[in-house]
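Quick one: the structure is below, questions incoming.
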Amino acid sequence: GAYGIGTRPTDAQIAAWNIDVAPDGKALPPGRGTVEQGHAIYDRQCAACHGLDLQGGMGPALAGGVGSLASEKPLKTVGSYWPYATTLFDYIRRTMPLASPQTLSSDELYALVGYVLFRNGIVPAGTTVDAAQVVNVRMPNREGFYLDDRPDTKERPCDEHCLRATKK
Amino acid sequence: GAYGIGTRPTDAQIAAWNIDVAPDGKALPPGRGTVEQGHAIYDRQCAACHGLDLQGGMGPALAGGVGSLASEKPLKTVGSYWPYATTLFDYIRRTMPLASPQTLSSDELYALVGYVLFRNGIVPAGTTVDAAQVVNVRMPNREGFYLDDRPDTKERPCDEHCLRATKK
Amino acid sequence: AAGEPTKTGALAPADPDAFPTVPTWTRQIGAPTGKGYGQPSPHESAVTRRLYPGLTQPITAYSTSPLQDLDGGITPNGLFFERHHAGVPAIDPGKHRLMIHGLVKEPLLLTVDDIRQFPSVSRIHFIECAGNPSFLPPWGKTAAEVAGLVSCAEWTGVSLRTLLEEVGLHPDAKWVIAEGADAAAMTRSIPLEKCLDDTLVVYSQNGERLRPEQGYPLRLVVPGFEGNMNIKWLRRLHVTNAPAYSREETAKYTDLMPDGRARKFSFVMECKSIITQPSGSHQLTRHGAHEIRGIAWSGMGKVERVDVSVDGGATWHKAELQSTVHAKALTAFRAPFPWNGEERVIMSRAIDETGYVQPTLSALEAARGKNSFYHNNAIQPWRIASDGNVTNGRE
Amino acid sequence: AAGEPTKTGALAPADPDAFPTVPTWTRQIGAPTGKGYGQPSPHESAVTRRLYPGLTQPITAYSTSPLQDLDGGITPNGLFFERHHAGVPAIDPGKHRLMIHGLVKEPLLLTVDDIRQFPSVSRIHFIECAGNPSFLPPWGKTAAEVAGLVSCAEWTGVSLRTLLEEVGLHPDAKWVIAEGADAAAMTRSIPLEKCLDDTLVVYSQNGERLRPEQGYPLRLVVPGFEGNMNIKWLRRLHVTNAPAYSREETAKYTDLMPDGRARKFSFVMECKSIITQPSGSHQLTRHGAHEIRGIAWSGMGKVERVDVSVDGGATWHKAELQSTVHAKALTAFRAPFPWNGEERVIMSRAIDETGYVQPTLSALEAARGKNSFYHNNAIQPWRIASDGNVTNGRE
């Protein structure tokens, strides 16, 4: 660049730092894991905060709420709300378990994604999850989002009938 | 006033708070003191900081420096620099002794003013100082001040011969 | 002779010993000069940030600026609101790097000192959490509980545009994924257009280096966009052709509508204002002239005008903007408020330079229902009882 | 594979372990939210106010803002310079009163709460000590030692004009004598014209109540006039027809000229600037692109332009004003500075909206001699050695 400040990272550095996984899944690492493997890891490393039945606790519920979004008490979970499973892989890897993030292996992560999807009824028992699966699985609320279309209120200042001159 | 906020102080409150003494001396309190009384108070309450001979120490010198103002090492003191003796009364009352200001009586203050003026050769030994004396005493540097006449530098920005275009 | 003989409308009698002619602090030498880093008066020790009442997760939590005790448009650094998802990391600035990579010609790794050698910019901007405040009861008792997840500072850093020009953008570049170095590795996708407009990579806040809880040593400032996008502890900028759909832009910070669908990429914080004085928990102590004071802001640009009502919204008066108006910054306003014991509901309404008018809560609910959660910029009413006690005016 | 392979012109080798892929602070949960009143990072603990080297009277003394470590135009409250004549009084705000009396129709006694009920104004202004810095050697080593008795904040308070209109001025009124409640009972005479122009009685600084060392609970802000006139711990305003000739406006803060006479009532702080980065004690560590940064200000109004020279004043370039320009406020400037090991003397020169140009020290000495003591606004040179070490450029 024009300033010539800084250094150029190596390709290996970039690969190691670049952990964000978009819906195209191109950045997903190699690996795989089964729903059953995920179950075991979940019960050991996640259930304390999210509940043995993913019902939530200190951490949010990870299942349930399908069909609730238009109700008075919507429950937004991975199953009921999240549009992409790539987000699940990305988020667990970068953030969970809360106190020791970025410690799970890729195989463990695929397994956990599989288990959470299974408990949401999105994949059947026995499924082996890999990169292709994470990209291709159809999340129930995939079409539930549209681009911000605000402003959506059309309030008007009241110059005529209700704005009084300010007294000192 | 238009806001009607606050309270009106009584005349007694105003009189008690109003301690600033201007050159007209109108705000000087009744009282008097001699150079000799001032000498005793000074040695007890002031000399530790300003020196037995007013030569300065932890606090500034209170005498000397007459004739030095146009020299390379000017010494600005009550005697060489201060235009009005009212300032001496005002300042000692409001500020000195450093650790217990506003504790001296009016008589003590007049005496101290007398002693400091005496040590600067402005009044003779034996003088009794009162309000009239403080107003009327002619300070050596009374005419030494004139109103701010800045700006006094006439620098010009160098648009023509030395201002180069900024490179990115 | 001491006393307050002409106090008009005082509700409590004056204490004649309250203000001695020569107070003790005038008779004694004061505290020494040269405290390396100063602190507020002990008499102001109640002016602090607070967790929301009932909030029990101090790690992924938020604490509010005490708006009801603050004046003007700048928030002091010690009282700038906090929001973290995995606590405040203790970053060694010498070991911190910012990587810029992706759809760029030359990826770059920068130290904090490197970044300080790019052209720097100082600008005053607010940052506001998108969830400030909830659409649902219980309504906050104080201005902090109602809108304390907004603060404002002078930020110094480099324009993100400068850094993106330095790395050279690929023609396919459309988004920038920003990532933090905290344990949440907080991640948001920001449209390239915004990155090339007024987004900053900052290292200083109100003159000094960023506070740890504000992203020390580097944070993104995305003026007018929801607080969560102003990535703290910034360590990576990934230039891409599509958004990441990270958890904070799908599960969170999307706005659920009554039909069960949700708005995504709802970034802008719309125009808003709140009266901070008098506000909930304040107590008027006498009759007569008073001031209404508050703050107004807009993520779309400058505040153009603020109106106040002292009759529950029936009639409005133009307030005075009492501070310099900066774009996307808190703007202090004031209006006179004569009060003589009437029950009153007071409120303010801001209008920004785009002509957008701050809505009522019912207008927002009509457009969005009650479960959209984020971006509540409704008019806030305060009720003044005849004894001078001020409480939240929401029914 | 880690390292800094393409670092251009680095003077020290890069540490390959300096920036781990997943730093420890990303792997561990951070510190909890909700520290009531925040503090700077422990890594910034060296950024403090300091007494001048050799200053031994911490009670009637001054401490400087660390300009060489600060950015932008706002000074954080904890680092605002200090100057007191009898220490910092510990005032109980409930027992503090402001009396306004003298040539007025209705004298008035006001509590802090009373003053908060007048129309309030928020404005950004610098305050600078008239003795910032000395005209005589030893020259300061750092920017703080050279010009650290200047700081800038957003002040909130009431216009003094409003208060004077409330008490009603007698036609003979010409001056206002302002007095502090500290043990120095600091007293200055201010021309009525200035009091009716932009003078403020303030209670807040950068949003929060004044710090004790800045005059808690009330101070005068006399924009652009010498710091000493901005009376702290303000307790009395005496409207008169003549100045008091108090000690601080006769013995002190008068400017001795070569003929032995002195200027009195020399109030305005003239236009000035200083490069703060790089500045004395800084060390450049690599060759290539660098930034010059600094601050400029004028007691006469807005900074119009700042020029920088990197060749000891032979040629000049226009700097960029990097922050919003407010009248009588610190304005941050910047200019690019490519440096590849040349010995250089760098300096800045500010010009204000009145056309006044910041002078050299020799121009000031030609006009005033060497003993005028106050109001030194000379251009400040810094010398950069070929090893990157920066020192004061005065001979």
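Note that the chains are named A, B, C and D in the order they appear, and that numbering of residues resets to 1 at the start of each chain.
Everything below uses one rule, namely that a residue touches a chain if its C-beta (ideal position, glycine included) is under 8 Å from a C-beta of that chain, and two chains touch if they have at least 3 such contacts.
This is a predicted model, so every value here is computed, not measured.
S.K.: Taking the mean of the CA coordinates per chain, how far is chain B from chain C in Å?
M.R.: From the centre of chain B to the centre of chain C is 49 Å.
S.K.: Can you compute the centre-to-centre distance for chain C and chain D, using the mean CA position of each chain? Integer Å is fine.
M.R.: The computed centroid separation for chain C versus chain D comes out at 27 Å.
S.K.: Taking each chain's centre as the mean of its CA atoms, how far is chain A from chain B in angstrom?
M.R.: 73
S.K.: Two-or-more-chain contact residues of chain B, please, as numbers and ranges.
M.R.: Chain B, residues with two or more chain partners: 2-3, 5-8, 13, 17, 98-99, 101-102, 168.
S.K.: Spell out, as numbers or ranges, the residues of chain D touching 2 or more other chains.
M.R.: 4, 26-29, 59-60, 86, 109, 117-118, 183, 185, 289, 320, 336
S.K.: Answer with line, ring, star, complete or other to describe the graph linking chains that touch.
M.R.: It is other, because the touches fit no line, ring, star or complete pattern.
S.K.: Who touches whom among the chains?
M.R.: A-C, A-D, B-C, B-D, C-D
S.K.: Under the touch definition given earlier, write down the residues of chain A that touch chain C in their complex.
M.R.: Within the complex, chain A touches chain C at residues 1-3, 5-9, 13-14, 17-24, 58, 69-70, 72, 74, 76, 78, 81-84, 86-87, 90-91, 94-95, 98-99, 101-102, 144-153, 155-158, 162-168.
S.K.: State the interface residues of chain A toward chain D in the complex, per the touch definition above.
M.R.: Contact set of chain A toward chain D: 3-8, 10-13, 16-17, 98-103.
S.K.: Please name which positions on chain C make contact with chain B in the complex.
M.R.: 1-8, 14, 21-22, 26-29, 288-289
S.K.: Flag every residue of chain C that touches chain A in the complex, lowest number first.
M.R.: 57, 59-60, 85-86, 99, 101-102, 106-111, 114, 117-118, 165-168, 177, 179, 183-185, 187, 235-236, 238, 240, 242-247, 250-251, 254-256, 258-268, 270, 305, 307, 314-320, 335-336, 349, 351, 356-360, 363-364, 366-368, 370-371, 375
S.K.: Within the complex, which stretch of chain C touches chain D?
M.R.: 4, 18-20, 23, 25-44, 47-51, 58-59, 61-63, 69-80, 82-84, 86-97, 109, 113, 116-124, 153-156, 181-183, 185, 203-204, 206-213, 216-217, 233, 277, 285, 289-291, 293, 320, 322-324, 326, 332, 334, 336
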